[in-house]
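Order of writing sets the labels: A, B, C and D. Residues in every chain begin at 1.
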């Protein structure tokens, strides 16, 4: 599917929790192309500082309403400029980019026995909502395990609940849910004899921990990776990660996070560094 | 309509707009945004004799009006390029320029011979300036005699136009240009990236895994433009492929007026994926407005004053 | 409170924040915005033996995240400085560093001797790198033996700390640094401006009357930082006065971590007239937050990894 | 008088004519210091592109209301950013800078016989309004000769008229007033036996023409010059102009437009280039 370039109009911008924003664009052609887990490039201003576009996951899209929604954390100057955009303003965006999550219909596992589990760390919850929508449509809303430093980092939970997703929380300071890491939530999971299918996005340390857990239990696991990006199109080779390979006598190659990912099977990724 | 045709050392181009090696992948990556047939030429990512995996990450850091990269020439090897990528580029009809890097003189010779034998490639851009590869890179690009040796070696192995791409990290760019032109370079490409770095103050270490990286983007434009001007003044007959921070049509025209016959769009592709086309259309509009009949008339125009 | 005191090759400073020559006039120009007594030192505009009127205008052009200047060392002469400007600076108690440029070796010697005899001046910054003066400038700054000759000449005429300011327009900055340290430079200042240019496409001519100018500001920061890092790695015992695009306290800390003992604020003064103080306060805040006892501990910290 | 740095709040922003804006700031301490013909530096954004502040003349100031007003032409990216500032936003400005016009009280000419004539080219009208106010206060509102390419370049005329200033216009396309150059307006000046005192601001070619006319007639003439500036404080030496000198055997020296000017006696300036 070819990405498209858009001068998209901002419909809505809201600060959900301190420094966490949700922005909605009117972008009908784009909304029609989106797949859960893909991302877009957002050019935050017309000047050359900051120079590069910011990659942001597609949080939600509505092909009927023609809208695309992002959920983002204001961490630096690019996201700070984005946070100042008012409804009615236009922002240059392009996408959808990358390969998203493997969807229910594409699973080669017997669908009846599957239990999708979304594991989010902080803003990592962003690309998981549209995935949960897809599972919910096939009658398997699944479980969201959501972790963060504190309650103020946990967002968009109601949207998951509205889909019928069971939401379980963990915060490092205990301000919401279990006090501790999100991995601890696996101890009491009601699997009901189903095969968990892990989908995870968040800080690298968390992804690695979830990957190891999945490996140990023999559960399929997908991770959405982040790397510093320029083009987002597979052209500049800034954004690579090590991926297992067996071609030409190599044990690994550098895969492009922007086009080979951002979603990978966790067991393909080489986690050693 | 202005005649935008230019000739870059034997390579006929329908217009002066090309892509900077390493910023446009192997061409098709930008096809969703750019009608590739409209480009004057496509310069592809730097290739080497063997496939390379490049450097560790982080490979990129943003800087004021610029960026640092230390990709380290990740590429599928010249063979991989010819087999996997070239066939899809062929039907476009747009001239394809392949950028090459070698660890040794002999590798440059081999690369040139392989490209010479390959019909679908129109010209060779010799990268003697990539600052990221530990072996060879730096020396070939900063010592005039070594740059000349590389050029001679390439020249001996191909009849195709040879464009030598110089490093800006030298005291006297004209000396480098003269050295390679004397031994048969058909054109000079200017500039590759400036060597730079950035530090993560939280972690107290360099931002790039490779420590140093190449600076590109609008930040470097004044330096690039100066080098194009100097080389054109020293060697007015030698065609120059100008680049370094070109983001708008006006930037491109500055380079042409400084003495560039053609220009390459690099980092700007990341900022605006249809930058090449916007720049091409902007050049057309400028020429129309200023009543320019042939673009060639503008080449070096800033020198006459 | 962190101990911010540093020693720049014999010059004791209460903190590492100084001003880049040519961007802070003769000091008092910024007095409305800056409590000059809080600065680590003040480096004044480049002086020469005779008064100079400098270049024709335009002398300045803005570039992406940077600017070009071709002032051409307009100044009242060292004598004029000592008589007209120094007396007002004296009462501040802030160390005054005078930046000098000569057309000949002998002039550098004379300038050094005059400054040596002048109590109110704490150190000499030797500008061998100004790219704007046709006579001498370029050669002294780009040929190691000539840079060494200038340094030797200055060294022979003064006991005050000698800081040699290098040009970044060279292939190997460490070679230049070694050449001047070998003959007695107490510290190295890095970097002067990168040679650049800009073209006015409407008028089809260079924007600056002088054609070329020196590029400064945030755009050059990655190059400056790289050079500081390289020189510190090559000569870890030699104190460096780092500059080039420093606009925020974080920029300053990057330079310190790269190996600078002190830093100079240049173009940033134009952008924010109290930049020096904002940067000083930002360094203090960073040190407090990170629990740094003596700033000296951060010098070169990015090398340990 | 020491300039001060201000995060001034925008009170009003209006596009008077296409691409010509008037912006008013709340800046009480600054307003108290202003003199006609001085300027301020305006930092147009917080990012590094564009990097340098923009020098803009003080069009009007009101020390009682505590306001400072600028009149500016949107010509490039800096003024374009300024033009987007909304009331309530803060802008970093500093000033007042430079030496303004010689005021009525400072004239060493017999005041009774003087006729101030303001000659403006395009946006050059900006620094003349507060000067006319000063003359109007001493009962000599004077004459404004205002030139431009077309009617749409002529602004702020009502403000002069309200002070009792006689306004005469010239446009190159004849869309308002005399068709031609502003210099032609001198042909029919009602001098009434008074000594004209010329104050002029506009394109360099116009300034030179007015200077030559003044020289020929023996009228005192002040010009407000423009040069590219960085510091605006006399520190960087970017902004010089050639001025007559007789010191140390020189016939001229480079004066700083930002601190020695921007207002000079026209006969001091060397107009040869």
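Following the convention adopted for this analysis, a contact is a pair of C-beta atoms (placed from the backbone, for glycine too) under 8 Å apart; a residue touches a chain by one contact, two chains touch by 3 or more.
The chain lineup, named per UniProt: A, D = Dihydroorotate dehydrogenase B (NAD(+)), electron transfer subunit; B, C = Dihydroorotate dehydrogenase.
This one's a predicted model, so the numbers in the text were calculated from it and none came from an experiment.
Under the touch definition stated at the top, chain A and chain C (Dihydroorotate dehydrogenase) share these contacting partners: B, D.
A centroid comparison over C-alpha atoms places A as the chain most distant from chain C (Dihydroorotate dehydrogenase). Each of B-D and C-D has its own count of C-beta contacts, and the greater count is at C-D. Measuring from the averaged C-alpha position of chain B (Dihydroorotate dehydrogenase) to that of chain D gives a distance of 47 Å. Centre-to-centre separation of chain A and chain D, using mean CA positions: 56 Å. Between chain A and chain B (Dihydroorotate dehydrogenase) the centroid-to-centroid distance comes to 36 Å (mean Cα coordinates, whole Å).
Taken residue by residue, chain C (Dihydroorotate dehydrogenase) touches two or more other chains at 64-66, 217-218, 247, whereas all remaining positions touch fewer.
Looking at chain D, one finds that residues 48-50 touch two or more other chains. Taken as a graph of touching chains, this assembly is complete, with every chain in contact with every other. Interface of chain D with chain A (complex): residues 45, 47-50, 77.
Chain contact summary for the complex, chain B (Dihydroorotate dehydrogenase) toward chain A: residues 22-25, 29-33, 45, 51, 53-54, 56-62, 64-67, 69, 71, 74, 217-218, 247, 267, 269-274.
For chain B (Dihydroorotate dehydrogenase) in complex with chain D, the touching residues are 64-65, 218. On the chain A side of its complex with chain C (Dihydroorotate dehydrogenase), the touching residues are 48-49. For chain D in complex with chain C (Dihydroorotate dehydrogenase), the residues that touch the partner chain are 2-5, 43, 48-53, 92, 94, 227-231, 233-241, 248, 250, 252-254, 259, 273.
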